[in-house]
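In this document, chain identifiers A, B, C, D, E and F correspond to the written order of the chains, with residue numbering beginning at 1 in each.
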Amino acid sequence: MEMIFGLAAQNLVSPIILSFALGLFAALARSDLSVPEAAAKALSLYLLFAIGFKGGVSIAENGIDATLALSILAGVILSFLLPFIAFALLRGMTRMSALDAAAVAGHYGSISIVTFVAATSVLESQGIASEGYLVAVAAAMEAPAILSALWLAMRGSRGAAQVDGTLWREILLNGSIVLLLGAFAIGWITGPAGLAEIDSFIVAPFKGVLCLFLLDMGLVAGRGLRQTRGALGAGAVAFGLVMPPIGAAFGLAAALLLGLSTGGTVLLMTLSASASYIAVPAAMRVALPQANPSIYLTLSLGVTFPFNLTVGIPVYLAVATLLTGG
Amino acid sequence: MEMIFGLAAQNLVSPIILSFALGLFAALARSDLSVPEAAAKALSLYLLFAIGFKGGVSIAENGIDATLALSILAGVILSFLLPFIAFALLRGMTRMSALDAAAVAGHYGSISIVTFVAATSVLESQGIASEGYLVAVAAAMEAPAILSALWLAMRGSRGAAQVDGTLWREILLNGSIVLLLGAFAIGWITGPAGLAEIDSFIVAPFKGVLCLFLLDMGLVAGRGLRQTRGALGAGAVAFGLVMPPIGAAFGLAAALLLGLSTGGTVLLMTLSASASYIAVPAAMRVALPQANPSIYLTLSLGVTFPFNLTVGIPVYLAVATLLTGG
Amino acid sequence: MEMIFGLAAQNLVSPIILSFALGLFAALARSDLSVPEAAAKALSLYLLFAIGFKGGVSIAENGIDATLALSILAGVILSFLLPFIAFALLRGMTRMSALDAAAVAGHYGSISIVTFVAATSVLESQGIASEGYLVAVAAAMEAPAILSALWLAMRGSRGAAQVDGTLWREILLNGSIVLLLGAFAIGWITGPAGLAEIDSFIVAPFKGVLCLFLLDMGLVAGRGLRQTRGALGAGAVAFGLVMPPIGAAFGLAAALLLGLSTGGTVLLMTLSASASYIAVPAAMRVALPQANPSIYLTLSLGVTFPFNLTVGIPVYLAVATLLTGG
Amino acid sequence: MQTHMAKRVEIIIEAPMEGRLRSALAGADISGYTVLPVLGGSGRSGEWSREGQVGRAGGMIAVICIVHPDRVDGLLSAAFAVLESHIGVVSVTDCEVLRAERF
Amino acid sequence: MQTHMAKRVEIIIEAPMEGRLRSALAGADISGYTVLPVLGGSGRSGEWSREGQVGRAGGMIAVICIVHPDRVDGLLSAAFAVLESHIGVVSVTDCEVLRAERF
Amino acid sequence: MQTHMAKRVEIIIEAPMEGRLRSALAGADISGYTVLPVLGGSGRSGEWSREGQVGRAGGMIAVICIVHPDRVDGLLSAAFAVLESHIGVVSVTDCEVLRAERF
């Protein structure tokens, strides 16, 4: 317990979290501080490229084993499964329509890559290693939850969802999946020699770039909270805080079954606990246009993301350390 | 004297100044070289974050003393005071309307953060230390001058200025103040350990980023000079060259009273000598819409900024070295 | 021969080429992965600044000799000359109109700076030195080919080309020439001391930035190929693959005459082999508006650029090594 | 100068629907249009702004399409099929154009 | 398709005034509008361009607002109060819209 | 509010021609216009998009110019001289403006 608080406290004063807090503060105080859209996208391209590449290099260094395939399978199952749990909770805890609940549920089955990146960087500062292929697991967890969400929505009201081949292509080939897996492949193919060529670009400045990106995330989250003030009831907010640990528990179970390292366990917990804010919202706008975007965007970015960043990750780390004896 | 010229010559051939000169040349020659708006904003976010953070870390390392509060107070007083001097000079030296003179005067009380950054980097290459809290002084000097400018404008013609609560919020919470002070706070809180995490992002590439930013400043300044050709009379140009040393003299006096280090003296002189080109122009557009923006933008960015960059900073450094026995 | 394949294979698995391939794949698979326009421009500004600066520093270090002037002269002649060869080939190999053929020919006399940069970075990983002033040769080769193209177009149909003084200014002062030569001058003036100030910005992260830029080039090339499917006949594609080695052969001859180093020979071959995709297309839109842009853009960016990147550069390196006994 | 009657159709639509709208326009044989970026806005679903956004979900684009008056109905039907259950605004204005043969 | 008469109001205004215009529109009960970026322009106060600019002072935005004809006057009064002493341009065009209930 | 008749001219033109169009407008004594960025489009010469582009060749801009009805002809002639052999679209719409003295 003490350890959890120690870790949490330490985590809270890292430049990364404080940058997010600064953005949040600036947006809530209605400062005109803003990161241009093109710059925010460029930062996210950088982070995806770097994290994918490093994951691939780590595979090249350590080789692969059966656990890789099993981990990906576990990720896919978690992504399919978690929306059902989220949906049940939402229907119990809030007065959301089935449609809105389905849309939100899809976000919680899928993942937030920046939460994953933040967890990676906490592991790194603690000197804890993790399986490089969790990057591939992250990519594999992006899409299946969308399927579950659409199934839940259609069960509620036939014809609610507008699904076609184009949508599937968009989901499976969405930019962040392609870049993450592509960079992973490049890292794997070129290995440590490839990394040596570009490490002063993708390794050294990584944390600093993450700070600026989190500043932007704070700004966007804060603006969202301000603009949708009132759109979220207390029940929905409670869901946004309760669902992450539940997801993390499922991730933990899977990690223990798979026999992942302590670091890997933290990352799978984090992935399960996190909620998408890029891929799933875009898919929902297309497939479930009647679902209210301010609900799912605000929950994911304004409630769950800060929770995971500040409280979640240190707790997952503490729990994983205890249970894997790391 | 010799030393001044030596320093100035050395300063003039730095990549930083030459980058600015390149941008100026390209714009005056009507090249289509341009930095996208989003990229220019991203560069300025980076510089504000880095300079604020480093200032905060230096406080964490060296502790604070009474001089911090006194320096901030001195900055606020300088910012309030200098517009009156500028206004008197403008009315004497040019045929500007009272309104335009008030608007210009506001710019010279406030500060240009990139001039401050350039001075910092000159100090660094000379190995001269300075008080980290001057970053906070810089932030404190941004806004008070606006008040003086509005007072001067209203004295001239009642009802000229459109001031309301929203404007005050915008001025005090403008993006650059928030980011500078926010990063300063983060640097202070996380200290050297925080810096160690992100120094390969905010320290190592700093000067190179500054070069690109100054290239952009040169482009914008050159385009401004070209487009407003004729808007500035000889008197106004003379003011733009005379006001900086006068401001610097006030800054020097304050620094000597405060007992700042040589580096700190240079920085306070530079702040006093520099003219705002982001925060004040935006406030003037809102509050004094009848004032002619091409006058104040061109003076600040096209005359005073290059003067400080090329001649001013080395002179301030030479003078400060002499008088503080640094 | 074996060496060529070895080099080519090694080149093919570099992060740089694979990043381009990833972009190409993503665009052809219709992923929504994209680099914002402002970010792409910022990356290209960075690359031009860095490559120009480093070229200038190398002159400052090694001094200049008569070969510099002769090399620039050779570059100008190559740029004037190659469009005529390209035009003859195009008229023989394709059914393109004289106007389109002239426009395409202009692209192949001029150069692609990113191909040059990629060649530089291959040389660097092989530890092969080259003459720094080839950056200036590159700049000198940008424009003359446009003159040849316009002459060819006007010969075909009088009044086809719309040429005036403004156009000449635009061509000679286009952003990439000005930045390349400007940074070259800054590097030359400030020398190794200047480089030391900013090398952690322009040297260390260079290859990583190049990866992201090539990812973007792959995306743009792939989108171009997809959207103009059918615009290029087999003859045109064949031209796009045959012209680079022919250009390279001329570059080789010039390099041998000039007595360039192995590295310099590779770079002059690469310049001659490469086709413009920024400066010349813009000039052609203005001066030869009836020429079809999808032909020249697709050939240059979708056919010749990938060819040089993957096959061309290693072959030029192998040949240069053989013939200069490097 | 000689001008001709035409219609200017402006469609403001969610960014993730851009591809579908483009296909629908192509299907209705409308091949000339221009896409403008949008910074932000306000509507029944609240205020929004693109600033700092990474995803495409929270954003719109504006498509301007100038057509011969006879073709407006086909264009509107095609656009409406895409827009129907989505947020967005369509407006049609009379205008005059040079070079009528293009529309 | 069935269309309805409406008005398209286009307001080109200095970027630092965006917040005030938004408030004024909200005050006049106009909740539907779209903000477009502007690259540059020219007017009595000279030529300008956004390129490379960091501050918001030298720049404008365009606000497009489609309203029921009855509401144009309220909208114009609200906009005018903000614009009065500022640079900027307002134009009103007749247009037709689908889904009239929205405006 | 009191409004006045005017014309809204919208010119969509290749980005590399922007400078020439600006000069032509200045030559025709048209000093008020606004330039909007364009993201992409489609026309007889195919589809295009600005995404990830470095050069200006593959891209367009939109110029909006509000003028007094008497000056439309001069404006169109000036624009047409620049556009003639280039791709691009010009449309003219009736509109009403506040502050007529400006146009």
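Throughout what follows, contacts are C-beta pairs under 8 Å (C-beta built on N, C-alpha and C of every residue); 3 or more make two chains touch, one makes a residue touch a chain.
Bear in mind the structure is a predicted one, so any value in this text is a computation, not a measurement.
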| item | value |
| --- | --- |
| Touching subunit C and also subunit F, the following chains | none |
| Contact-richer chain pair [A-C vs E-F] | A-C |
| Chain whose Cα centroid lies at the greatest distance from that of subunit F | A |
| Furthest chain, CA centroid comparison against subunit B | D |
| Whole-Å gap between the CA centroids of subunit C and subunit D | 38 |
| Distance from subunit E to subunit C - Cα centre to Cα centre, in angstrom | 45 |
| Overlap residues in subunit A, where contacts from two or more other chains coincide | 32, 34-39, 41-42, 170, 200, 204-205 |
| Of all residues in subunit F, the ones touching two or more other chains | 36-37, 47, 49, 56, 93-94 |
| Contacting chain pairs - touch in the sense defined above | A-B, A-C, A-D, B-C, B-E, C-F, D-E, D-F, E-F |
| Contact set on subunit D toward subunit E in their complex | 10, 12, 36-44, 47, 49, 60, 62, 73, 76-77, 80, 83, 89-94 |
| Subunit A residues touching subunit D - in the complex, by the definition given at the top | 34-37, 40-41, 44, 162, 166, 170, 216, 219-220, 223, 227-228, 231, 277-279, 281-282, 284-286, 289-290, 292-294, 297 |
| Complex contacts: residues of subunit A adjacent to subunit B | 13-15, 18-19, 22, 25-26, 29-39, 42, 125, 200, 204-209, 211-212, 215 |
| Residues of subunit C touching subunit B in the complex | 36-39, 41-42, 45-46, 49, 53, 169-170, 173-175, 178-179, 182-183, 185-186, 189-190, 194, 197-198, 200-202, 204-205 |
| Residue numbers on subunit E that touch subunit D, as the complex places them | 1, 3, 6, 8, 22, 25-26, 31-37, 61, 64, 66, 93-99, 102 |
